[in-house]
Structure formats: structure tokens, C-alpha cells
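The chains carry the letters A, B, C, D, E and F, assigned in the order they are written, with residues numbered from 1 in each.
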């Protein structure tokens, strides 16, 4: 086990540890925050710090740990791909969910200070009927 | 006397039996078709879990049991194959479950389309409203 | 083969924190007053679960368990999308 | 290595049907979408029929079971098909009736707007039935039941704009899916207890445990009873035994007519076959389950069969709908089949058991052919009168003399009139019960037949002999009436050739289901194991 | 909250029953040994020392699924196929085509659309890797196909169905792709027999490696030094095509925007189908 | 008997208990959309159980099917039909 391996493993373990703590904090926040839009914040903590970081850490550990056998690069690569997927898709999913929730209005924005989105959307916008085929579809 | 592992395993099995009962209740006594379909998926999943429990293998001498994939095949070492044979879980129930999941999926998909068609005709998905036949 | 490495011991020590987080997430997912809350909790829980599965794969010394995490991370996103599309009042294909 | 043609054909027949179904959309794109699918389905069914006939002649001629290990693996490791005379004869019957049904479907084609889906599902139905019959592996049986089931659900719902058809398919499908899932749990228990899924090995293990490890019988017996009762539920569900018959009178009338014929005449037999295989070959009289539970299971089957036969016969009287009347007749006849099946309790002499099982097989043949004939010819009448109501159908048979004659012959056969097949199968059943010393069941056969006469007479009278109340349009038959007449001739032949057929069927029962037959089943498994192992 | 009371009672019952059961009956719990049959599978799944008795695939599950018990899987595929055919038969007459014009915007917000433009390539790559390495690592045709189906599903939900239809992903093309995949499965199942017929040697249906009774025919286990395990690779590839196409068909049918098709459909019902 | 095995099986048993709760809620809930989400929770937990039972193959099938596909088709179905279950 070379020095590089040990350094990789230690960095990876630190990242995994931070991830675990962030996860716990996010979970507590998820239960304590009063409404959906605040919980979004906790969910982001859980996704980025609690999932992305430990996955990168796991990739480091896998890269440094010889005991995992010949498939360890497969594992490191897989962990990085998972981390990348979560980094891209997690926020996008939260965004889509928040947008849908706000539009449908099923969740009251109860302890509210300001809701810019509502003000924006209440302004008159021109939603014209447009010919399909410009961007999204086209005649068969 | 039982070990802690066996106690946890028994909890797992008991939970699955309870799930089975709940799912059967849902299939038979809930009149709503969508609810019946949901219960049916849970029923199939629970049956699959039973199969996997049957095929599980407890840890041998502190070594975690491993999935039935022989990763060290490149080495061509019979000793490693022997170790693999002594620690891997049973692959047959997994293959059976694979088949069963796909079959359950197929049946569920078909039932979903049937339910949609029933909605188009009866404007209801409740079995108490869908009652034109005498039975 | 017997005897644990340091990494395994570290992982065993860190597991309870994850498990506690999962229990809290599950409570929110089961209790959540609105559907959005439930989906958000499942979301966060599943992404963390993906990380947890990778860590467990290190514990088991089985690198081939990784694809499960990838599949989980990919499909959970689609659950978000379905629900948000439903909430926007559109058909799924519209 | 030398070619082993019979084994290869045994293995090829059902996968070949799957290939026929798989390639149909591709070829329909190439060759046109209106006529081609039907012809392709006809080719598929004829190929299957010829192959199954060949298999039957080989099994009958050599007197040894054929075992085919797929992929060259010896049986418990791989899947194997195991053909003994019992399933060979039912398979031949099924395949040839499917040919007739496919021909009828070609005539019926004008009711289908996109026929390729229909024919794919029809091929799937045939593949499912033949697979259920030939397979020697309990899990493969589960898969084939699902193939059979899903094509049956889809075919029942084929006229998708009729609310009744959708309702019937939903009823059939949801409970059917539950039942098959429970069968899967039963299989898991069987695998957990015995460690194998091959039917031959299960049978062997059963008898061996019985002789060598008497201390294990109690615990294994309980687990096996659980597994068997879960398994029997799905089989009795598929064959509409009494408490599970609720879907049949809804589903059969609503399906397209050729499908009704297939469901009533053939699919019902698959469940009966599977129960016979489980109760006689796998968990037979010499097995673990025997001393404790086998009698109880058989008695329960007998009681349910009796109730079904009775209720079906009575309900037939009250029906106004022709296809629904025929469906209740199926319930009644399934009850009779299960009564015959339940004869093998402990204490009954082996000759009587053989006679009873032969009577069951005979009744499977006569009932299947007769019911298929009745559904198909009633399809002609229903098309002509454009209603299924018996009053609306009054006198429509006069326009089609040949079809009416076949129709009447079919009814007389089911009723049990003298020169026809139905009479002799019931006679054989009666004799078997008398030989077994079961007086009440023997009387029950007669009573049930007598009650059902009322229903049959009503249907026959209103369709053929009543005076027409209104004009019916005449539809072109395109020679389909010759096929129906041929089936009627087949029914007469089944009756006239009674001495030979009954001898043959007793031989079938002896050489597959009891005593020496079960041993042959086990030995065939062992032979195949050693042969395929090659060492 | 009567639900919570019920749940508490449920959990307490489970714990109590488990304790009683675990203390008395020990047969439910799996042991440290597996059954004989399972040991045979585990041992011979990759066993290059005996070429007549091995599947030559280190993945025991895939080798059971496609080699030892291949017949089950062929017919499992057929069940899925028949279910999709049944669904298509139920949805016949429903138009799957583009409307003239639509009101409002289609799909979700721009952020999600941008993200969704990036990921499909990644998804297809991962799915292909899962499917084509199915004989080496966990995965296989069905797994890979199901993963690959995420891509069309995401596009379908995030943009709209018309986005897919415009690019040629419609019912007919997917059905064709599916039929090609299934035909491939059928041909692979009969490959050994066909080669045997051509060369005059005996072979089994669904045969992969040489067998004692058919020693002359086999599919290659190694190609160019890479392990492909004979027929398993082909099965995985064709199943991958078939399953991905099948899932896409199902999604196209179930997510059809009904309002746009409503008018025509109701006319169809009113005409009353068949008598 | 090792500490690791008991610990991991304990987590699995805990997951099983939560899956029972989710199943109960899914069956008893009147709002069908919520029932689907409960069933998605149950599916996620089952996927975890399968992972702990060393079945990666099953997981790779189960996650797309039960987490991705069932909710999709059932949500589409609910959107096309009705969301409330009649009492």
C-alpha cells in the first residue's frame, strides 16, 4: 500500500464522514422545517452534501483500496458516474417539483415573507396559440 | 437458543407475511380497480422477497456472503472458485424472481390498459359501478 | 479472509448515522401533509440511499454491486418528473 | 452423434410456436396486413398439430416416455419436457382442435378490424396450452400458465368497445394474476423443502423420503400441503371448478366465438391435466403427502366438482343467452371431470382408478370436441340472427341444415345419447364408480346428466325447431359448415369406436398416472439424467 | 390519527410473533449452506476445466436465466410481448399522431429541458454497458433495456409525446424494432439446431456450449480474446432491443394526451364497434 | 456469528418494518395518488432489502419496474381517470 493509496483512502473516509453528518442534519431539517419550500432547502443539503460528496469519497476509497480486487476501477468509475448523475438530476428534479407545487397551489406558503414567483406569474402574460412545428412538433 | 441474526431474519419473514396478508386484503376487498392493481404489485413483490429469503445464505465465519457472480474468473484458480461456491448465495431463486418480476409487470400493464378501457366505457373505476353482467 | 480491515470498521461506525437519517426521512415521507413533501422526502432518501449502497459495496468488497446505485439514481428522478407533471395539471405525454 | 428426431421435435414444437408469434408483425409488414396473419397462424397450428401427432405415435409405439433436456442440460439442472401417453394424447387433441379453431377464425375474420393482434394472441394461447401439457418442470408450468393466461385475458377483451367484455376480462385477469402469484409462492415452498423443481425428481424424492426418512414426513407434509393447496387453486381457477367458476359464464360469452370454443373446449382441460399431474404423478399414492392429506384434498376436489356439476346443470336451465347456456354447461362438465379425477383415494382398487382416469380422459375428448363444435356452430346462428338471445334465435337453424345437424349432434353427445361419445364417457365413469364401490357418486353422474337435459333441450328446441318469429338474414358460409359436419362425424366416431378407444385410454391411464406409469415417469427422468450427463 | 394506532399494533404484533417463532421454530431461517442444486450452478457457471458441462459465464444468475433455464426466459419474453400486443389491441383505433395546433406550452420548464438534453446519451451508454456486460457483471438484456427506457420516458414526459413522434419514435417503428429483437431471440434459440442441420451434426434447442450428446456444435465462448459466453451475449443484445422498444411502446400508449384524441374516440364508441 | 452480520440484518429488519408500514398506508389510503407514492416508498425499501439479500440482478430489474414504471403508468391512469377512491 503506497502513500498515495493511504492519502486517497483517508480523504475518501473524511468525505464519507462529512456526508453522513450532512445527511443527518438534512434529515432533521426535513422533519423540523414548517413548510414545503423550506424543506426544499434541506433536501438540497441532503442531495449534494449527503449523496454527491460521499459518492466521490467512495470513488477515492475504491481507487485506493487494493483489497477490492481487479474490478475496483469499475467501482470508482461507477461511483463517479452516480455522483455526476445525482449532481445533475437532483436539483433539476427539486426544481420541477417546486414549480409544479407552486403552480398547482396545493401547498400554502404559510410563514411567508415574500413570494416573488407569485408576483411574477400574476402579471399578465401573452400566451398565444402557436402553430406546432416550430419547435416542439410538426405535421406528420 | 437463537442468535441475534436469526431473530432479525425472523422479523423480516414475519413482516413479509403481514405484507402478504395486507396485499391480499387489498386485492379482494377494495372495490377500486386502481387500488386493486397497486395491491397486486405489492403482492407480487412480496412473493419475490420470499423467494430471495429462501435462497439467502448466512455469513460463513464472518465473511459476508456474496452475490452469485464469480468476479475472479480471469485468474483461472480452482481454489477461488471453491471459496466462491462456499460463500455465494443461491442463484436459482434469483433467476426465478427475475422471471416472475417480468411476468408480473406484463400482467399489471395489461390490467392498467383494461382499467383505462373500462373508464372510457363506464366512466368509473369502481367495481361496484362496473356491473353489467349477472355474475 | 477473516478479520476486518480499517475501512470496514470505519464504515460500520458510520452506518448508524445514515440509518438514523433514513428513519427520519422515512417518517417525513410517510407523514408528509402534501404529496410534494412525500416525493421530496423519497427523493432525498433515495439519493442518499444510492450513496449508502456504494458505501455498503465497499464494506462487502463487492465492486460489482455498483450498477444498482446508478439505476436507483436514474429512476428516482423520473418519479419527480411524473409528479410535477401531474401537479401542473397536464397529461404525462402532453 | 446420431440424430434423435423424436426428442428434437418434442423440444422444438413449443419454441417454434413462439418464433411464429415473434415474427408475425415483421412479416405482416412485408406481406400485407389483412389476410397474411391468419394464414401464418394456420401454418403455425398445422405444424404444431403434425409435430404433436408424431410425438404421440412415438410415445405410443415405444411405450417409453420422451424426455428432452433443453440446451443439453440434464433435467434438474436445466428445464426438460417430459411426454408420457397421457399428456401426449391431450396435446394431440388440443393441437388438432386448435387447427379447426384457426380455420374458423379465418371465416370469422370480418369481425376483426386489425387481425394481426388477434392471431398473435391465438398463437400465444396455443403455445401456452402445449407448453403446459409437455413441460416436466414445475416453474416452467408457472410461466406457461402465464402465457396461456395473458393471451386468454387479452382475447376475452378483444371486442374492446363492449363493456361486458372489458368487465369479464377484468374479473378474470385480477383474480387470475393473484392465483398465479400464490402458485409462485407454492413453488418457492416446494423449492425450499425439496431443493428441486423438476416434476420427475419431485416424484422420486417424495417416494424416497416416504421409505427412508419417516421422521421427516410430518414437517415436510405440512409444507407440501400448503404448497399443493396454493398450486391447486390456480389450476382449479383456470378450469373453473365450482367456487372459482364465477369468471367463466361472463368471460366465455363475451369473447369472440372461436376464442370461446378454445377456452371452453381446451383451456379447461389444462387445469384438469395439471391437477392430475400433481395429485397422481408428483404427489401420488406412494408419496409423503399420501397417508395424511391426499385423501382430504381429493375429497375436497370431489365435493367441489359435484357441487359444480350440479349448479352448472341447474343454472343452465335459467339462461336466456345461448353462449351463456353453453358456458354453464362447461361448468357442469368440469365438475364431472373433477369427480372422475377424485377417484384415486386410498382403498380404491387400482383397476377402478385406472378406469376412472380413462373415463376422465375420454370425457375430456368428447366434451372438448363437442363444446368446440357447439360454440362454433352457435357462432354461425348468432351472426345470422345478430343476437344471442334464445327468443331472437328462434328457428334460425332451419336456414342452415348441415350446421343444425352438427349442432344437434353436439348437444346429444353432451347430453349423453347412445351412439355418441358423450354417452360412453359417462358410462365408463359410472362403471368406474361402481367398481370402486362408490354408489352415491355413480348416481350423481346420472342425476346431473338428467338435470342438464332440460337446459340442452331448451336450447335445441328454440334454435332449430321453434317457428321463426322474424326474418333472419342469410350469411355466406364459405365451406365452414363442412368443417362443422366433420367435427360431428368425429363425435360419432368417438362413440362408435368405443371398445378400442376405451381400451386405449385405460392403457394410457395405466402407463402414465398410476403405479407402473409413475415409476416409468421417474425412470425416464433418471435415464435422461444419466444420458445427458454423458458419464 | 387512527392509522398510527393501527400501525403501532401491527409492529408490536410483528415483533412479538417473531420472537415467539424464532425461539421455537428454526426452520424458516436460511442456513450457512445452500442446496445441492445451487452448488452445482455456482460451481459450473464458469468452469473451463470441463468444456462439456459449463455455461462459460461467471455470472451465475444470467447463465441460469439464458442457458440453464433458457426456456423460461424465452417464454417470459413472450408473456411481456403478448401483454404489449394485448395493450395495443385494446388501444386500437386511438390515433397516435400529431394534432394540428395546441394551446400553451408543452412540457416542463426550460431548466429541466436543458438537463434532459444532456442525460440521455449517458443513460444509453450506461444501459448498453449493463446489457452487453450482462454475462460478466450483474445485469443483462432485461436490466439494460429497462435502464435504456429511461431516456425515451424522460424525453416523453419532459418535452412531450409529439417531440418523440416527430423524430420517428412511434408505435410502428418501435414495434418493428421489438419484432426484430424478438426474431433475434428466436434465431439464437434455434442457432445450434440450424448450424447442426447445415453441417449434419446433432444439436439441442437453446444449446450454448458443447454437450456430451452434441459435442460438435457450440457457439464461441471467446471472440478475439474477449469472453462473450456463446449465446448469452446475443440473447442479451436482442433482449435489450426488445425490452427498450417494448417499454417505449407502453409509455407512448399510456401517456397519450387523451383530450386531443377524445373527439375521434367517442365517435368510434358511438358507432358501436361490432354487434 | 459476527457483529457485522447482526448489524446489517438488523438494518434489513428495520427496513422490513418500515415497508410494512408503507404497505399498510398504501392499502388504507383513500387518495389514490398518495397510495401510489406510498407504494413507491415500499418499492424503494424492497429494493434495499433485495440489495442486502445479495441480489444485484434482481435490483437492476426491480428498480426500473417498481420505482420507475409502476408509478408512471398508475399516475397516468389516475390522471386519465379519477383520483379519489369512493368510500
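In this text, a contact is a pair of C-beta atoms (placed from the backbone, for glycine too) under 8 Å apart; a residue touches a chain by one contact, two chains touch by 3 or more.
Not measured: the values here are computed from a predicted model.
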Centroid-based (C-alpha) most distant chain relative to subunit A: D
Centre distance in Å when subunit D and subunit E are each reduced to the mean of their C-alpha atoms: 31
Centre distance in Å when subunit A and subunit C are each reduced to the mean of their C-alpha atoms: 11
Whole-Å gap separating subunit B and subunit C, where each centre is the average of the chain's CA atoms: 20
Subunit F residues counted as touching two or more neighbouring chains: 4, 17, 20-21, 24-25, 56-57, 59-61, 64-65, 68-69, 72-73, 76-78, 80
Multi-partner residues of subunit E (at least 2 other chains): 10, 14, 35, 37, 41, 59, 61, 68-69, 72, 76, 79, 82-83, 86, 90, 106-108, 112, 126, 130, 137-139, 142-143, 147, 150, 153, 160, 250-251, 254-255, 258, 269
Two or more partner chains touched - positions in subunit C: 23, 35, 39, 59, 61, 63-65, 67-68, 70-71, 74-78, 81-86, 88, 91-93
Chain-chain contacts as defined at top: A-B, A-C, A-E, B-C, B-D, B-E, B-F, C-E, C-F, D-E, E-F
Subunit A contact footprint on subunit E (complex, rising order): 97-109, 111-112, 115-116, 118-119, 122, 126, 137, 159-160, 162-163, 165-166
Residues on subunit D engaged by subunit B in the complex (per definition of touch): 139, 142-143, 146, 149-150, 153-154, 157, 160-161, 163-164, 166-170, 173-174, 177-178, 180-182, 184-185, 187-188, 191-192, 246, 249-250
Of all residues in subunit B, those that touch subunit E in their complex: 2, 6-7, 9-11, 13-15, 18, 53-60, 67-71, 73, 76, 78, 81, 84-85, 88-92, 94-96, 98-99, 102-103, 105-107, 109-110, 112-114, 116-117, 120-121
Subunit E partner contacts - residues on subunit A that touch it in the complex: 71, 74, 81, 84-85, 88-89, 92, 95-96, 99, 127, 129-132, 136-140
List of subunit B residues in touch with subunit F within their complex: 3-5, 8-9, 11-12, 15-16, 18-19, 22-23, 25-26, 30-32, 34-35, 37-39, 41-42, 45, 48-49, 52-53, 55-56, 58-59, 62, 64-69, 88-89, 94, 97-98, 101-102, 105, 108-109, 112, 115-116, 119, 124-126, 128
